[in-house]
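Here the chain labels run A, B, C and D in written order, and each chain numbers its own residues starting at 1.
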Amino acid sequence: MSLLQSYKAIRSRTEIICQPLKTEDYVVQPVVDVSPPKWHLGHTTWFFETLVLKPFVVGYKEFDPNYNYVFNSYYETLGARVMRTDRGNLSRPSVEDVYRYRAYVDEAMHTLLSIDLETNVTDTVVLGLNHEEQHQELLWTDIKYILGHNPLFPAYADESGSGISSDNPAIMDFIDQEEGIYKIGHVNNAFCFDNELGAHRVFLEPFSISSRLVTNGEYVAFIEAGGYADHRWWHAEGLDWVRQKSIMAPMYWHLIDGKWHYYTLNGLKELDMSAEVCHVSFFEASAYAAWKGMRLPTEFEWEIASGKMKWGSRWEWTNSAYLPYPGFLKAEGAAGEYNGKFMVNQMALRGASEVTPPGHGRYTYRNFFHPHLRWQYTGIRLAK
Amino acid sequence: MSLLQSYKAIRSRTEIICQPLKTEDYVVQPVVDVSPPKWHLGHTTWFFETLVLKPFVVGYKEFDPNYNYVFNSYYETLGARVMRTDRGNLSRPSVEDVYRYRAYVDEAMHTLLSIDLETNVTDTVVLGLNHEEQHQELLWTDIKYILGHNPLFPAYADESGSGISSDNPAIMDFIDQEEGIYKIGHVNNAFCFDNELGAHRVFLEPFSISSRLVTNGEYVAFIEAGGYADHRWWHAEGLDWVRQKSIMAPMYWHLIDGKWHYYTLNGLKELDMSAEVCHVSFFEASAYAAWKGMRLPTEFEWEIASGKMKWGSRWEWTNSAYLPYPGFLKAEGAAGEYNGKFMVNQMALRGASEVTPPGHGRYTYRNFFHPHLRWQYTGIRLAK
Amino acid sequence: MSLLQSYKAIRSRTEIICQPLKTEDYVVQPVVDVSPPKWHLGHTTWFFETLVLKPFVVGYKEFDPNYNYVFNSYYETLGARVMRTDRGNLSRPSVEDVYRYRAYVDEAMHTLLSIDLETNVTDTVVLGLNHEEQHQELLWTDIKYILGHNPLFPAYADESGSGISSDNPAIMDFIDQEEGIYKIGHVNNAFCFDNELGAHRVFLEPFSISSRLVTNGEYVAFIEAGGYADHRWWHAEGLDWVRQKSIMAPMYWHLIDGKWHYYTLNGLKELDMSAEVCHVSFFEASAYAAWKGMRLPTEFEWEIASGKMKWGSRWEWTNSAYLPYPGFLKAEGAAGEYNGKFMVNQMALRGASEVTPPGHGRYTYRNFFHPHLRWQYTGIRLAK
Amino acid sequence: MSLLQSYKAIRSRTEIICQPLKTEDYVVQPVVDVSPPKWHLGHTTWFFETLVLKPFVVGYKEFDPNYNYVFNSYYETLGARVMRTDRGNLSRPSVEDVYRYRAYVDEAMHTLLSIDLETNVTDTVVLGLNHEEQHQELLWTDIKYILGHNPLFPAYADESGSGISSDNPAIMDFIDQEEGIYKIGHVNNAFCFDNELGAHRVFLEPFSISSRLVTNGEYVAFIEAGGYADHRWWHAEGLDWVRQKSIMAPMYWHLIDGKWHYYTLNGLKELDMSAEVCHVSFFEASAYAAWKGMRLPTEFEWEIASGKMKWGSRWEWTNSAYLPYPGFLKAEGAAGEYNGKFMVNQMALRGASEVTPPGHGRYTYRNFFHPHLRWQYTGIRLAK
């Protein structure tokens, strides 16, 4: 597939995700971590305009100079920007304006991508496409948050089925891994993010890792055993979080007439006990593991054992903090702000989720979130 | 005009105000005091459904039982409700749903108002219409806030002219009023709110009150004299507010290339020096008066002198706290929550503004806001 | 009594109040409204040093130039100052230092007051003495707060008795007052604060006012009737306060094994049902009155009827906001900051309390606090 | 030295540290991270009473049952406790009471330690002594904070000299370390904390580490180069911290008449340019390293290279998050809460500081703080 074809496919997929939305759904920001869908549509477009079209296309005329202020996410290098908490306060640009912006930039990108380009241009385009895929996943999680926290619990789509399996989960086996020096990080020539580079060796003591993720049914047992109230399983900051927010179950769970339900993109459903538990924070994942007398794997254990496990439906919390690899280097300019400046106070997640764009994940991929967050499709794998 | 005709006229005016909005403009809530326009559309409708149709129409079928939760503003009597800060987080019900809700309730109301009704029903309908008119004014002020705080400064309407006068303001005269016992409050049979009832006598010492309101040009003189930085003119809480929020001018004012501009519903314009200053807080109004060596009038002075002044373009801050009249009585039930429970920590404003619905105001009308608020069309009259 | 004698008597009384304290009790500030006792000792002294000795005594040498920063309360005119929330973070100046500061200033004041002085000097001294008396009352209330919120509930003094009466309260009579024009405010030549000046006439409609204050026993009936949970009796802001702070009784009340107790300066005691209820907020006072089908008096009604009531044991909440009298004038300089800048968002209290210094109160005295505060000796009188 | 002799020596050292304090200095808590000295005195005593005397001495009579509530720090296992933010609000127990408490517990401990004891008792005593040593360091840092943030800048001690060297710092050399598998963690039989156990192997890529710490003079160059304003050197959360708190230099630094000064325990002094920089946050340490084109070492690199470096004057920030070693196990009961529950969102520091008790540190010791904190004696070592 040519870069132009990839560009068209990925850009179009973003808009397909938004197709079932009403205009109103594009606008709101119920919590700071969730961005309005129209902001995602604009921000991913701004990325191409700012980092590709403006520097590399002579005579390119910006769509609207104010958009830099509106759609810059966190790039200090690229000037002032709307405060993150204010994204949901902006009724304009309208959804229609944002789609016009996309079409305008796409047209210029199509023209650009039809000619032979230098590597530094194509590299930035590839980064932009991977960036757009990351926002596709955020679109899924943010749309779910917006609809799932509405008192009317509207469904995103009516077709039922997704996320509801009826099979019994397999027995949880443990895979043993021998001690040794292992290579960590990205090595081939395919695209990866800068935080995967700096391949290096680690020594791992022998460990075992579970063959599958924890299920809803298994997690219910933790709840019923009083797990949320027993300080022994929790980090001190986790316990504060549980108490201050009155947390009693994963996000989207509701106890209705004594039965657990959860909000899915198809609406409110009875909880499927055999499905993998989802939308848990690092604190919850870690507490569950402690209650089982086990622990979460490190991101290195996960990477080494990944070939033997079936993964990809949930982002899996690891017990590794998100830190630079030994040879990590920040790029010059705005690209240098992509990952490095977030390497403190966050935990690494590995794998991919059911809403990660196909082909986007890989076993060296390093995702990261603050330990209390759970609006992503996060799950639990055990180690010992 | 029959009650049915009034109903139709007022309900339709609400929708006319919203006509120039884009769907996105209906949804956002940039600060807690501003409600999303679609919420106003729904809440005023919910008022008729809840206080008229459900109690008085046998067999009336609620449009959607969830709407009570969504559109109840502050009535404890009427059950749980969306937290005020969360109104802008709701993408649903959609704007289209809300208009369907209005049509549905209007149809039932039209039927009801075509027959002879008991007084307690018609009284509640009249209250509901006055309530809707109050929300019409809030629609204007909230729309202005939503558009005027957007970095793109979109205009609500393109026709220019409104708010821009080119006349020189008249000389500010002072009207003298003699001491005496005066009657305060509503006395005739026309509609009024409960907070105007309990007509009673007050004694007023002699006073003088200005014949017109303070202009932008006069207010600029206060700014240029360093008024915002001089503690002598300010209440202690006002000074805290000025410092914490870095207030340096009325809301919507912008100093661009050394020239004052302000946002109007027609977009960003150069400041009209002869227009009446607008969007000032009680703190600013009071500080301006102190700087002039004068004071704000009390609400009683205002009411007594109102016949001799031209008023109606700005809500005028008084130096009276919003408190019950001697004979004030709370009604039973939800209507009793209309005004009384707000009678602490707010200041009384008198008059009406250019966005008050025609015929809605009267000289006994008591408006009230917290002293730091200024998104209403508020102005300054002086007394001594 | 000469001014020198008054000076000595009042200054010495301040120190007598502090005598039973341990050094540690002088230092802490458990909430922002409560100041450390040593701060009161220093601030009252700073008042004389700054407003009397420095301007009027040639060659006076400041005790320590840093003390202006430490002991200025809220005077913008007099320079920068420790933030109010930080008063309890200062271990120095030590208690011993503060007493040395008092002795140093007292010595200079004794010398000054031994000679003939101009009126503007003696007026400021008299203001300083009245100011010191106000801080004597604050010392009582702040000491009570510091000890009464300590988990050990230490007694301030061991002698029992104070505040514990065994008599049955008198029947609550209502005193009728006729309508008429009445004179309000301070008129004779004795000292008063600037907020009492500007004597003026008010017209009062006929009213009745209770002959005595509400008792603990009567207030318990309100609690037992579910008064704190019933929205009908509360201002909206009062209800928010009750819910956010989980208020269920007056300050210092504790339900121990089903029996009401309260902290007194003699330690934790069983509640005396016949004593006047104390330490209630305006919100609670107003809710109690509403529950009884009555209201609180205005400060004007209170002043006019005061001659017929027995008052002085509790500061009595009125339903009047604290606002300037018609002729109110701010003094030039620091003295102008004494009262005027607080005339917003506070309610007027009338009377005096059992910890008001003897001779300090008078029937025109205007005390004021924010409506949620209750660490003062506040009580409830009813009107209708 | 017998355990009894150690007990006496360490307990007495705690009191010696407090000897120069005034009673007032024992009481205050200017920020949540700083505890009042009397709280440290009581809490370390409570540790012995609760974990040694009550479980192991038959017939031991608690000094005061309320003290468990007052002096429990964070042990959920051991019941309710004063909120951490309220420690500075307690004037009682008095300083004298706390010293009586120490004497009472010491007497019982002396008796206990005079007889032969089982290992589980002596182990807990040894833990308690190491715990007390940790609080000795906190006493130094908290006392410095209390005095150094007082507007009078009182000295803790008058003897000058400490912390002020006049030598030129040595050239900063870099020590090279070869790649290889290294053993990490505590292995011998001497005391260590549970977080050092679980010795295990790590693989280290080759690295270089600086022979000495960064000096004040070198850090001034970073400030003068505009380091605090240049986003390129900072973590995103670090930049937020710098901006919100207006951070412009290490804690205790003051620019007076164009010259840098800093508060030391001997009072305010001119900055010693050749001394090691102190009181920097992880954010600052990391930004400085980035500006130099280097990085901070990991805690594993630090531990392996420690034999070749001179360390012990500053706690050295590493770029390792504080996480459990592979074999980390929580103990049963209260001791299990000692370290494990803090293993999230904190960074590891290695070494010891000039106020660490002699003999307390070791090269496997793992200290940890949140990345924004800097009231400890923290410094910067570079790696590449």
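Here, contacts are C-beta pairs under 8 Å (C-beta built on N, C-alpha and C of every residue); 3 or more make two chains touch, one makes a residue touch a chain.
Because the structure is predicted, anything quoted here is derived from the model rather than measured.
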item	value
Any chain in contact with chain C as well as chain D	none
Farthest chain (mean CA position) relative to chain A	C
Distance from chain D to chain A - Cα centre to Cα centre, in angstrom	37
Whole-Å gap separating chain B and chain D, where each centre is the average of the chain's CA atoms	57
Euclidean distance of C-alpha centroids - chain A vs chain B, Å	44
Shared-contact residues (touching 2 or more other chains) in chain C	none
Chain A residues touching chain B - in the complex, by the definition given at the top	22-30, 38, 66, 69-70, 82, 86, 88-96, 146-147, 149-152, 154
Partner chain D, residues of chain A touching it in the complex	74, 76-77, 179, 181, 200-203, 205, 207, 231-232, 234-239, 282-283, 286, 295, 319-321, 323-324, 326-327, 330, 336-337, 341-345, 347, 371
